[in-house]
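Structure record follows, encoded as structure tokens.
Which chain is which? They are A, B and C, in the order written, and residues in each are numbered from 1.
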Amino acid sequence: MTKFLDIQNINAAYGDIQTLWDVSLHVSEGEIVGLIGPNGAGKTTLMRLIAGLHKPTSGFVQLADTPLHTLPAYEIVEHGVILVPEGRRLFGGMTVLENLELGAYSSRAREERFKTMKRVFELFPILSERQKQHANTMSGGQQQMLAIGRGIMGLPRLLMLDEPSLGLAPLIVENIFEILKLMNDQGVTIFLVEQNARKALELADRAYILEQGRVVGTGLGRELLHNDEVRQAYLGFAPAAGK
Amino acid sequence: MSIESFLQTLVFGIFVGGIYGIAAMGLALVFGVLKIMNIAHGELLMLGGYVSFWLFTTWGMDPFVSILITIPALFLIGLLLDRVVYRHVVTLQGEEKIKNSMLVSFGLTLVIQNLAQWGFTADERAIQVAYTGTGLSLAGITLPYTRLGSFAVAIVVTLLLHVFLRRTYYGKAILATAEDWESAELVGINIRRVYMMTFALGASLAAIAGTFVTITYGISPSIGIIWTLKALVVVVLAGTGSIVGAFPAGILLGIVEAVSGAFIGSTYREVIGLVIFVLVLILRPQGLFARK
Amino acid sequence: MSDNPIRRVMSSSQPSPRSFRRWLTPLGVILLILFAVIYPQQVDKQNVWNLFFLICLHMTMSQSWNILAGFAGQSSLGHAAFFGIGAFVTRTLWLGGIPFALAFILGGLAAVVFGMLIGAPTFRLRGAYFAIGTLGVAEVLRITVSQNIPFISTMPGPLIASYDLLPRYYLALGLALAATGTAYLLLRSPWSLGILAVREDEEAAQATGVHVLRHKLLALALSSFFAGLAGGVFAFQQISYYPSAPFSPLWTFDALLITFIGGLGTIAGPVIGAIFFILVRQQLAATLVEIHQVVFGIFFIVIVLVFPGGLVEAWKRLRNVRWIKKPSS
């Protein structure tokens, strides 16, 4: 498969402190790719960089031959790369309906927004029930669904999610991951950052491991699930006796 | 003090509060969305006043009519200032951004004020329309047409702004940018364009207030700082995050000033607003109307 | 250019390593002081004395503002309040019969007392809120004085008859030297690290054990003292003025302009800035009246956006280009 999202030799820094070192990875169309790693590894930095909120010091980000790293964030959205950011970052003072509406602000998604909203309501019925509710009065799980819904409103060709399971009850996480699978079946390419390595690896076709700003490993989802080092580092397994 | 003269003072306080409110909304808009403090806001108000003055003296245009020209004129000036000056400041973050915007707008205050002085001389100018000095008489209270008209237009403008911000797609985009600019970018909003348009809109609101000031009081190049401070007081009273809420806050200030002036004496009328301002800043910085 | 804040400030007043240039800065300073003392006596012209006087007065105002804003990072817009209080107390006491020297010191102390009263509550405010809050306080003072004492204050006849500008100039000069010297010593004192730390990052300073409020109050005390004394000098020099005039925010804004043009957070900044500002203003005002303020405004904007270090920074860049060809790290 051709590389849909292609990231090559990305270096990034906050002021004088380098955060990403020579990061290269790719996502092919129709895949679900995961990015796991410890806290502070740079996963969120990378996501924000791809989305255009942060610029690399060197390297490039490409979406099917279109360079993204030189574009401002709103233009990257026009190309169909949508980030559901860490911590949801909803427009709290606005209603569910308004948040969703704004999700379709780009010229690409704008015309279809009422149609898209129906789809979002099918995926997340609870949002339909609470259309007029203010976003900041909703529970964590509902907010995450709204955040994902807002992302869908932008008609993503590539949907990126940063820690969607953060702070949510296991049942809700199940629910959300089921919906992600469903969306992928319907053709949405997904790039997923997760602290919850197990869930990420169960869902993903492939995954990368980021540690201290560097890519230290990659492989198929189910392979990494059964890899000893990964199991010890990220899946909570104790080292086998005698090793 | 008789009931009548008290009511008269109260009514005048409400009327001037309307001007405060419009001036403050412009500043609140810029502060809320761009997160900068534009000290030159009062200068934009002054420029708006001079535009209406000039249109009146040159073509006899009624100031309420000339508002339709003053608004786009100051809108353009606002766009220009954003492109040339403020654009460089909005890229900064947090406290540095606010500090630098204050400094830069302070420099602009010098420039604009002195250009106006050079162009119009330091003399105070006033507009005398046919109906200046006449008014409606209601239950023993006089409602001068100039002030009544200003207040009526102020209410209309406030309603329009409210509808624009809360009911139109673009207005909601502006509010979204004010709430979380990164999230706004992530949904495809061009926040640079939003900043530019919002700043220009703030300038237009200042211009409208400036027209009212010219009609009600008169205008001179030195009124800029006074009105910036006045608008600031109202913005702080209303609380950060309130944009349209600055209008009722302005009326409240007008009433408080008028009433205290009636009881404590007019020498302290100017001071009372500032004292409340400092107290609110220290004791309740989120403002009187804050939602949080 | 090192990003170390202390190095940044100290290097403006410390001599560079090259042996012959070690003496350049102190020599320059001594020459400047000698010039300031001797030249006016040679030239018996009121307008020259007046010019020098203004430079020294504004230099004091800027140095004092700089101690609070440039060193401690608290950009106050209410500086004129101290100037006004100093002028008010000095004038009232002096014209009321108290010997000037005593009235002068009391004026300065009155400003400090006011500063300490206002300081504790307003220091709770941050950044822009602190700026507008202090502006609000200063404006309250100005309007109160303006409303309650609207009459012009004029020196009584005998004092006008015996009026001599020269000693007043030397007082202003001495004050400017004292203010500059105090700033210099402050940076070499044990408090300097704490004060600069507060400027760079209040929370971090607090976390490392710096008593933030105490350091702010120290900077405020020095700042208000010298501004108050400057007000006393003003009251001594002006034959007649409206009592609310020294409370005008223009005094704050001029100090701000000068400090920024010269170089915020440096010692040489207010010195260079005051000389530059007054001389240029005099020159422009003669030819272009209002336009000189426009020019300063544009100049100021350019400095804020491009040259935040002011003339001191520009000078340093120029020096480094000419003499030193270090390999860049």
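Note that a contact is a pair of C-beta atoms (placed from the backbone, for glycine too) under 8 Å apart; a residue touches a chain by one contact, two chains touch by 3 or more.
These figures come from a predicted structure and were not determined experimentally.
**Student:** Show me the overlap between the contact partners of chain B and those of chain C.
**Tutor:** The shared contacts of chain B and chain C amount to nothing, since no chain touches both.
**Student:** Using only Cα atoms to place each chain's centre, name the chain farthest from chain A.
**Tutor:** Max centre-to-centre separation from chain A belongs to C.
**Student:** Taking each chain's centre as the average of its Cα atoms, which is closest to the average over all protein Cα atoms shown?
**Tutor:** Checking distances from each chain centre to the full centroid gives B.
**Student:** Distance from the CA centroid of chain B to that of chain C, rounded to the nearest Å?
**Tutor:** Here chain B and chain C have centroids separated by 33 Å.
**Student:** Any idea how many Å lie between the Cα centroids of chain A and chain C?
**Tutor:** 54
**Student:** Between chain A and chain B, tell me the centre distance in angstrom, where each centre is the average of that chain's C-alpha atoms.
**Tutor:** Centre separation, chain A to chain B: 43 Å.
**Student:** Residues of chain B touching chain A in their complex?
**Tutor:** Contact set of chain B toward chain A: 169, 172-173, 175-176, 179-180, 182-192, 291.
**Student:** For the complex, give me every residue of chain A touching chain B.
**Tutor:** Checking each residue of chain A against chain B gives 51-53, 72-74, 77-78, 82-83, 85, 89-94, 98, 101-109, 150, 153-154.
**Student:** Along chain B, where are the residues that touch chain C in the complex?
**Tutor:** Those residues of chain B that touch chain C are 37, 85, 88-89, 95, 98-100, 102-104, 106-111, 113-115, 117-118, 225, 229, 232-233, 236, 267-268, 270-271, 274-275, 277-278, 281-282, 285.
**Student:** Touching residues of chain C toward chain B in the complex: what are they?
**Tutor:** So the residues of chain C touching chain B come out as 75, 121-122, 124-129, 131-133, 135-137, 139-140, 143-144, 147-148, 249, 253, 256, 260, 289-291, 293-294, 296-298, 300-301, 304-305.
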